[in-house]
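Next, two complexes with subunit A in common: one pairs it with subunit B, the other with subunit C.
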Partner chain A sequence: MDQVVATLLNTMSEQLGAMIAVLGAGIAAGFAGSGSAIGIAIADEAAAGVMTEDPGKFGLALLLLALPGTQGIYGLLAAFFAILKVGLLGGAAVKVTIWQGIGIFGSLMPIAIACYYSAVAQGKASAGAILLISKRPEEIGKAVILPAMVETYAVLALLLSIILMNSIKL
Partner chain B sequence: MALVEMKKVELALHRSVTDRVIASLQRLGCCEIIRGGPDSASAEAGGATASEELKRYDNLLADARFALRFLETYRGEKAGFLSKALAEKPRHSMSELESWSRETDFQKLILHLRSLERQFVEIRTELSQISGLEAILRAFSDLPQPLFFFTTGTERVKGILGTLPAEQVNRLELAFSAHVGKEGELFVRISNPEKDKDAKAALVYLRENEEKVASICAEVSFNRIDLPRDLSGTVEEEIARLEERKELLVKRETDLQAEARSLSAEWLGRVQAMSDYWSVMKGRYEALDSSERTEQSHFIRFWAPADSLEKIEKELEPFSSLSEKTVKAPEEGEVAPSLLKNPAWASPCEPLTNMFGVPTYGGVDPTLMMAPFFYVFFGMCLGDAGFGIILSVLLGWVLLKFPVGGNLRKLLVVMFICGLSTIVMGALTGSWLANTIDSFAFLHFLRPLRDRLVVWDPMNDPMTYLGVCLTLGFVQLIFGLCIAFWDALRRKSYMEAFADRGGWILLLNGVGLLFLVMIGRVPASMGMLAKGLSIAGAVTLFLTQGRTKKGILGKAFSGALSLYGITSYLGDTLSYSRLLALGLSGAAIGLIINLLAKMISEGVPYVGWILALILFVVGNIFSLAINVLGAFVHSLRLQYVEFFSKFYEANGRLFAPFCHETQFVKIVDSCGQQEKN
Partner chain C sequence: MAQAESYGYTVARLRAMENRLLDSGAFQRMLDAEDLQGALKVLNETCYSSWLVEMKNEGAFDGAIEAELNYVYREIGQFVPDKALVTLCKMPYDFHNIKVLLKSSFLQKSGGARRWDLLTRLGNVSPEFLIESLESEDYRLLPFGLRSAVPQCLAQWEQFHDILEIERQLDDLLFSEMLKLAAKLERKGVVEWVRGRIDAENVRNLLRLRRMQVENTRIAGFLHEGGIISVERLLSLTGEPLESWGRLLAYTDLTGALSELQEIADFDRLIVDVEKSLDDYVLRVVEQTRFSSTSPEYVLYYLWLKEMEAKNVRIILVGKANGASRDVLRGLLRHVSG
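== the complex of A and B ==
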């Protein structure tokens, strides 16, 4: 029994840190990606509606559809950074303590949370913008800016995630 | 500032020269006609020629639109959106177009096209009728009787075809044999007994039994199918005949399509040119129609840039004996149109300014102030020298190769300059397609060259670069306030200049300096100055911001509350951190692409390098597309939201010159700015 506990404690101190970071990476990429998927789907519905009237709006609609897609990329990005940091993508082996692992997990939370919600919200904004260009395609410039206002907060979250991760010294 | 000074010109013309003068003005393309609309008296007085002409051109244009839509459908080669947008427009002179319009029998073409269209519709209708009929006939494919029983009938015998619910079949058979019996024939068929809910039935009977049959039919909910009267043979014969007819129609349609295609090849260009000519003429008569007139004269008013007055003067010289011109400055309460004028390096950004809103006439045109920030910010957001090279080479090629004009060209030039800026910013941060130089051993020899250019390394030291971004942002915000300060001085509203803008400029600079002292970037001896500036600014704001309020308490309260506005400046400054974040995200995507490419090239035997190359190319194209979109949108947002909000008033109306506005062709004998897209 003691031996089992000893092995457990041993592997914990060896690997748990990195694995907590992996958990964080998974959550970040998963939530950000889900948010983008939902956001794009919301905008998709508007685009499909607009295209039943005028299929020629496809190009403009696609531009606006793509906007809530960036959150998913930010999530993937932060996840990659995290597993790169704990040495799971090759390179020199890195020793990550449990506490550092928790730190990395925490640093991924801004991206996981803000990207999910901002992508959904941006999807709604994009849908609105798509309706705008259905009536006034010449206003595409303004239409692109509106959803971009929402994205600001995903960008800020990405920034904080990267800074936090960078500040955890291994 | 960078808005062109406008003059209002009032031109009185004798009727005899009106047409020629208005044609000249249109050719010059530098006047915006003021459309007053004729009052009813002058409309009667001036004769209705302009309105009549207007109507005529409206009708021609309606026909032309129909012809274009028709011919466009049968156009031989389908042009893509890009090649359409970038293609060179054919050049024609006005006189050439005029003679075309005079000599071409356009009405004949329109009649021909309309008859073609009608034939297409007829053929399509008949085809769909035939296929409907065929479907019915096929359902009765083994009907023993020829069809004339069911369509015309004979002298004594008649038949009906129809459907009835499958469960009623037994009742029908019983009733028919009971009431009609041997004097008729019943044919019932259920083609798919398990699925079909309806049975097909054919009843043949003597005319004298017609009433009996009708009551039987009503009982079993028989649903009668009527066939066209010209069907007489057996079902098979009729189907064969229909097939034959269908073949004939399809062939006829193909022939007509070929004819339409050849018509399109022959006429499309010509009709496009004429449609443009007519819309130019329509514009001309619209201008005339909306001007005031008396029996002998026309009175045209228009805005013109002050620097083109000389040109107009010269153009109108031949008519000077029959016209009279007065030039005025815009009067109080009149809003002149805004025409932006900027140096060549900044003018491509004009569409970006106008997209936000057209500058108020007499106000500030922010294009010049925005352009350098926009270029630099875009460079920082994209932040990769490799992408910069791709972008600028691609756009440089497009600009050289395709003679695009108007706003599209300006936008392409903006992107080209942004590409150059991206090269610089990428080189300063050491990003050449992310870390490609480090990733692949055969590129390692480029390292020293790259390292010599690097000033910041945002990947490994993001805090320093964040500082750079925020500093730039702070500089832009203060710059915006300074413009507002200067603008207020110019308008001689000193209180606004010194109290509203000056107070903030002092306070923000003081606080900024204080921050630098705190983090030790500036010697502590500056601390006193920083505090002094801050206090001076804060006191100014406190004392002045409540000046419109009544009572000492109200004033003090508003003054104190205004200081809370510093949070919005803080937020604005922090917003510039997106420059770092977007730059990093581009670099990080590149990093991941390189990492994967390297893993594949080392991990997969033999073909690994090919897969890696494909991944590298596709990945970078994807990354370029998504990052260019992001960089453009976010650097524009920084201008719109953070910068413009400090000083810019966009209540203007864009100068819309009366010119040769065309869609398909370029009219060559006009000078001035007719190149509107």
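== the complex of A and C ==
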């Protein structure tokens, strides 16, 4: 009996590190994706309102609607990096200690948190920009730049997450 | 009240609808028209065109203006998350209808003709229902406190024959009901807008009463409670020369509207100018909401712009029908462009 428990504990400790990293990857992709979904929904409402009166604005609105969607892609990208690092997507098996797993989990937090909030904020900014083009379609260039400013912080979070993940030696 | 976030669609749609409001160029072209026919021709190129084709004769443009306003109210009522915002804007029309019906009934009693042609379909309650209620003396289903106010007004008329007092009571009820409804919506901006309208009405009343040389002791009754500026403060103006009103109210946003009072040459002209400034003041109360993409107050802002547009169209068409000069008409136009 003692031997069975010892084997179980040993197996758990060998795999727990990888599982913590996987949990981090799930949270990163989940939060970033949720933020994007909310952000796009906010911008969608504004676009639907404008297009009810002026369907010709679809092309311009689509550009602004796509912006909050990028955070979801960043989250997915960071999650891929993490599961590649722990060898779950093919290649040689990698042994991940609990501390390394926690390290990977922590490195994914910037992307999870920043992408969630920046996507929601970018959705609001895009909604405002859609109102701008409803009145002044010729200002589409400026209208895209305004919500794109919010994107900066999602990109910085992605950068930091990748740097932190690379700094963990397996 | 619905969450502000649920106004994303509404505000965006209203923003797009704002593009269809008549701009200064359209008003200018109407003003430049030779006569009423020319002005109607310009109007026919705008969103009013679908109603103009239903006009029986050139003089029936009021029906087209009312139809356009009615269409906008109906349309917005279908997609705004809080229908009470539209109800709030339409409420003065219900009270207008009640006043018309009561006055018609008084006129009829003294052998005159009833003026149902002055009724409007812009109210929350249909004119037919109001007529039926008054004719059958069944006031139970009348909304906005009219259930008890109408029999009171009838009794008041029987006793004193004082139409001014009846109008005063109904206006008092209108503003208290508007405030009550605005408070239910739990939006500071909506309440402020109603309070701004009360201020505008109070200042308008003060000026009219001064023109009529009504004694200062009687003025208090014609001022409505609930405005941003207290009745006491407004009453203190009655003893002051008109030129100093703007200075005495310098701490309020009304001071801009009262700047017209600096140059008093013709009192009638002055009242017209101040009324125009007061309409702009009501717009300014909710003007900052146009910078938000989810502000419920934007519904009030848009509807007020639409009302002002209709007012401008009416001013120009009535002016053209009566041969008024272009400069006089231009001076009467309200601010419309958003």
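Everything below uses one rule, namely that the second predicted complex is superposed on the first by the 165 of 170 C-alpha atoms of A that agree within 3 Å, B and C clash if a C-alpha of one lies under 4 Å from a C-alpha of the other, contacts with A are read in each partner's own complex, and residues count from 1 in each chain.
FYI, contacts are C-beta pairs under 8 Å (C-beta built on N, C-alpha and C of every residue); 3 or more make two chains touch, one makes a residue touch a chain.
Keep in mind that this is a model prediction, so the values were computed, not measured.
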item	value
Combined model on subunit A where subunit B meets subunit C, clash or fit	fit
Touched partner set for A:81, first subunit B, second subunit C, both or neither	first
First, second, both or neither for A:131, with subunit B first and subunit C second	second
Subunit B versus subunit C as contact partner of A:168, first or second or both or neither	neither
Superposition-derived comparison: subunit B or subunit C, residues of subunit A touched	B
Superposed arrangement, angle subtended at the Cα centre of subunit A by subunit B and subunit C, nearest 10 degrees	50
First, second, both or neither for A:47, with subunit B first and subunit C second	second
First, second, both or neither for A:148, with subunit B first and subunit C second	first
Nearest Cα pair across subunit B and subunit C, whole Å	9
Interfacial residue positions of subunit A with respect to subunit B in the complex	59, 63, 66-67, 69-70, 73-74, 76-77, 80-81, 84, 89-90, 141-142, 144-145, 148-149, 151-152, 155-156, 158-159, 162-163, 166
Interfacial residue positions of subunit A with respect to subunit C in the complex	42, 45-50, 52-54, 57, 124, 127-128, 130-131, 134-135
Interface residues, subunit C side, partner subunit A - complex	5, 8-20, 293-294, 338
Subunit B residues touching subunit A - in the complex, by the definition given at the top	81, 352, 355-356, 462-463, 466, 574-575, 577-578, 580-582, 584-585, 588-589, 591-592, 595, 599, 626, 629-630, 633-634, 636-637, 640-641
